[in-house]
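After this come two complexes, each holding subunit A, first together with subunit B and then together with subunit C.
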Partner chain A sequence: MPSNAPHSSGLQRLIAQLAPLLIVCAIVFALPVLLNNDFLLNKVARYLVLGILTISLGLSWGFGGILNLGQAMSFGLGSYAMAMALKLKTVPVHTGASGLPDFMVWNNVQHLPWFWEPFRSLTFAIAAGLIVPALVAAALGWFMFRGRVTGVYVSIITLATMVVINLVIIDQQSYTGGFNGITDLAQLEIFGVAFDAYGRATYYLVASCVLLSLLVAFAFTRTKAGLIVQAIRDHESRVRYFGYDVALYQIFVFALSAAIAGLAGMLYTVVMEFASPTFLGVQLSLSVVVWCAVGGRQSLVGAFLGAVLVAGMQGALSESAAFLETWTLVMGALFVLVVLFLPKGLAGLAQVVWRWIVQRRQAAGRGVAQGVGQTEGST
Partner chain B sequence: MSPHLDLRDVSVSFNGFKALNALNMSVRKGELRCLIGPNGAGKTTALDIICGKVKPSAGTVSFDGTALQDLEEYEIARAGVGRKFQVPSVFRELSVSENLDVARARRTSVLGNLRWNIGNSGREDIERLAELVGLTEQLDRPAAYLSHGQTQWLEIGMLVAQDAELILMDEPTAGMTAQETRKTAELFARLKGKHTLIVVEHDMGFVKAIGDIISVMHMGQMLAEGTAAEVEAHPEVRRAYLGSGGISHA
Partner chain C sequence: MDQFIEQIVTGLSIGSILLLVALGLSIIYGSMGIINLAHGEFVMLGAYAAWVFHTYLGLGLLASLVPIFLVVAAFGWVIERYVLSLLNNRPLDTILATWGVGIMLQQAVRLSVGSELRYVQLPPALSDSMDVFGISVSSYRVFLFVASIALFGATWLLMNRTTVGMKLRAIIQDRSVAASFGINAKRVYALTFAYGAGLAGLAGALVSPLKSVSPDMGTGYVVDAFMVVVLGGVQSLAGTVASAFILGELSGGIAFLQNDTVAKAIVLLAIVVLIRFRPEGLFTARVRA
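Take a look at the complex of A and B:
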């Protein structure tokens, strides 16, 4: 009996932890039924993609304690990987005979550069969109975490690295499209299914990736390795004295987070129909931090919802006439308020409210039991 | 029999201050060695040297035939050395059972730890450990909510979970009540023999209760070694503790 009880309580806890995740995903999948508007659906899909990006930051920041201010770098790399493949699939209208991308023709490039060549394969591009960000993160992580760089210095290094890559992309116009990015793309097509940015197929693709990202990230946090990563967040040096190579764990979670961000980047290109240097810009990268903090960085679902809600609000505010000039101010104020009063974000708030409800119900139950006891005693 | 742990002429200095000055110490397998000495004698530094937190500027540390002084901290831990810190060091945001689980470092590689623990294997092990250190009721509470004494106990439990051959304890009873201290002494008596322990302590009552051999350090060097009665009678030890009212009031 005693060996059975903890087992079932572990399973119950697993179900309790998975429940919010599954409920949120069910709502995401059900949304097209309610929203019969392709334009709106595309917009929501965009916010969902930003949600995936924020999940990836939640993993490295909330669980690993690594505040990556350059999270958009991985996002941008994924986005460009997809854009390069889709660009090579366009029917060249204004281009040269060899099917060279239009911006290369305008920049007098004669032959397709060697690093563009493998992107003729969509499979390669998708693999690259995941693996390249992960490898770049692992290499960066190798130098940082082997050198025991921590805290704010990690943030500075990641931010600076992203800015460098951003500048290189803008500078190398003939190979990257420069400031304009890569535009005028073909539609993504997998197994005969065409993913029109405004179509349902694309929405469901994004929704599936939301579910996948949440499950992968959640599964990781439930492994022993995920637990050790959280222990490193709490007390890095203590973990070493148990025989764990801390740097390797940090590199792993950093790279996993980058791969998820890369996935989000690829989807963003599909939803937006272009790739741009702003996708790995400072503004987006810092916005992700705000979304993550508002949603609750130690909750994957919280981080996701934070992104969808706040990015949605940002979109609505920046388009409304009243807040056209001041919406960034509203966002800043929101961030300050959350940091001051909700250190665990909306997820923390939800937890407090849920506990309060449970306690009240238990108290009410006890009250009834007591009442019964009293009446029994009096008779 | 060659010593289990052997420190030879270990020196270390911080900004010109010689914290350890050609320290020599050897400990046999299964022994419980108490390390005492006035403040600043270098007791904690000696433990730091063994577990790799501080690298010696000269001298060697050998454990079970392995030279420890050139290894990384995690490599030293894998060689079988566990350390409890003076300031209790636990993972505050993790629950007591998660803390103990992290400490059960059977596998240390990232990929080896990527499997999903759905069947709660090791749960019984963790419950047994929690019972050992009296934290059964607190298993699912975050470590941040524990009292100081409980946090000390948790870290001791984590060291038992780690199952290291050599356990280094830095003031394990600091902040504990008399009753808790007594329980700690009982636990240490049980660990002795199976594990080798080095305990830094100020509480002489505790030291007398648990220690076979006591090593007295002073100014980064080994001053005396022997049973409690022997070191108390030692003239050099009496001089080192002069003014603080003798060894029992240190």
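Take a look at the complex of A and C:
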């Protein structure tokens, strides 16, 4: 008896898996044509950036089983790296010696601190925005995973570490701008292209980064290392008994996810035109978890869409305070329902519906074929 | 010397508030393995309940403690029954679910009562100050200290000297064996969660005269309380007491030497290191896995 399921080759499967990703990216790239409004485009770009951040969490949580409650830490570090470089490019009104940033002048800092010095180079800043979060995550990962810390304790450690860094940034006002963050930034300029926060160029930069992060994350999940990471999520000790260095793989996925979050942070500074301690706050970090869970933690595209839809909805309703309050209540309820009944999020739901449609069509097709066969037999 | 004693007393005062808030969390986490991120909201509900009883019914804080306990416990019972019991074997998801519940409670209060700060009056009998070791301390803070110790005692008795407590301990050891001896695990879990929530409500009511009452007041408490539980060790009530006062003295002391921010950062870092090297907490004996 031959199997009824269509026997697809590896290539066909790959295309089927990539299809949602490419469709979503095509829509993202096509949006400026439909939305002829710079203000709205800037808003959408903001949600797309949050989408990239959520992809990064989906990678470590959905695929690595590491629930990082401090994902915004990497995001914030990236955002500050970009802000530091752009701050040094400004022509401040009140400068001290050697063009100090204004908030340093207000805080009586005489010289640019040594760790600000290299950020005069934009190339360095962009590299730092990726590498610093990755290194911090690798160090934290080494600290945790070498000690076989798992589950809930990972969440607590990541959350606590983020709060510590957040407190330090707020406390060291003279070097970080403290509670106000770093504001009044210059425009990002790469190869002569100026990235105005409200311009098309910025939108396409963000859109390209969406595509890039989705592809990188997707490619990683299909490599051998990516498969081992998923195996560790499902059964850690079994993978360890096979002789794999479990901690090494966990550290890697943790650092990769942090680098993507750092990229999102840098873009966020460009889109928002400032960096603030709230970018690595508990509020944002937990929101990312919600978006990821609602969209579907085991689907990269799902996580991305979850962020864009939920954050977008919230943004749209924030014009009216009463609406926003009610929306937050509804959001909480929605989130609880998703956790209870849709552990794979909207992406899981979409998958179930899609499979149901395919099965019905197949069943219908078989029914027709059988009907034809019977009539042929009777004649 | 006076300054030193003053520091110790400040630390004890911080510690007793920590203990009040952490006790309920410790029960819930230790016995059910649920990280209850809605705990801060139970604290907040307790504080609002105190305010409601005072403003609308004219009840004093001390007179309304028992009804407050019952009201917040009822909330806890409903949440366990209709949300958490559905997540039996998904411990990580309970974090998410309780967080969602916390947001709902916060928003519900914000929408119904408003987000203005509310104030609860000190009980008149406790509004003066008294002499402790030669320095003057507000009577209410002394009362808080006594109350936190008393609640700890009551909880200890409940866990170790009552049938419900014995059943709960049996379930913690082995749920299926306990169930085969006829213990209704679902019911015991619901009661445990309700009790933990009720304790949080009491904590909220008791601290409400010291701090202003607002819908998001619970957020700060839940992190601190969680650190107390982790430091003290899961399933160790005595550890919770010790760690509450250690953390109280520590943050009081560092805040005195440096500032509040540094104190918070150092305490958090210490806890991160502790989790890495002693995930079972400072005060638990190692058990066979």
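Note that the second predicted complex is superposed on the first by the 367 of 379 C-alpha atoms of A that agree within 3 Å, B and C clash if a C-alpha of one lies under 4 Å from a C-alpha of the other, contacts with A are read in each partner's own complex, and residues count from 1 in each chain.
We take it that contacts are C-beta pairs under 8 Å (C-beta built on N, C-alpha and C of every residue); 3 or more make two chains touch, one makes a residue touch a chain.
Small disclaimer: the values here were computed from a predicted structure and weren't measured.
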> With both structures lined up on subunit A, is it a clash or a fit for subunit B and subunit C?
Replying inline: fit
> Of the partners subunit B and subunit C, which touch A:219 in the superposed model: first, second, both, neither?
Replying inline: first
>> Which partner chains sit in contact with A:80 here, subunit B, subunit C, both or neither? Use first/second/both/neither.
In response: neither
> Thinking of the overlay built on chain A, is A:289 touched by subunit B (first), by subunit C (second), by both, or by neither?
Replying inline: second
>> Here's one for you: vertex at subunit A, rays to subunit B and subunit C, all C-alpha centres; what's the angle to the nearest 10 degrees?
In response: 80
> Thinking of the overlay built on chain A, is A:171 touched by subunit B (first), by subunit C (second), by both, or by neither?
Replying inline: second
>> Looking at A:14, would you say it contacts subunit B, subunit C, both, or neither? Reply first, second, both or neither.
In response: first
> Can you give the closest approach of subunit B to subunit C, taken over C-alpha atoms and in whole Å, for the superposition?
Replying inline: 7
> What part of subunit A is shared between its subunit B contacts and its subunit C contacts?
Replying inline: none
>> Could you list, by residue number, the parts of subunit A that touch subunit B in their complex?
In response: 3, 6-7, 10-11, 14, 219-220, 222-225, 227-228, 230-231, 233-235, 237-246, 248-249, 252
> Considering the complex alone, what residue numbers of subunit B touch subunit A?
Replying inline: 51, 53, 72-75, 77-78, 82-83, 85, 89-94, 98-99, 101-103, 105, 107-110, 113-120, 123-124, 127, 158, 162
> subunit C touches which residues of subunit A in the complex?
Replying inline: 67, 143-144, 147, 149, 151-153, 155-157, 160-161, 163-164, 167-168, 170-171, 282, 286, 289-290, 293, 325-326, 328-329, 331-333, 335-336, 339-340, 343
> Touching subunit A in the complex: which residues of subunit C?
Replying inline: 35, 83, 86-87, 90-93, 95-97, 99-104, 107-108, 110-111, 219, 223, 226-227, 230, 259, 261-262, 264-265, 268-269, 271-272, 275-277, 279
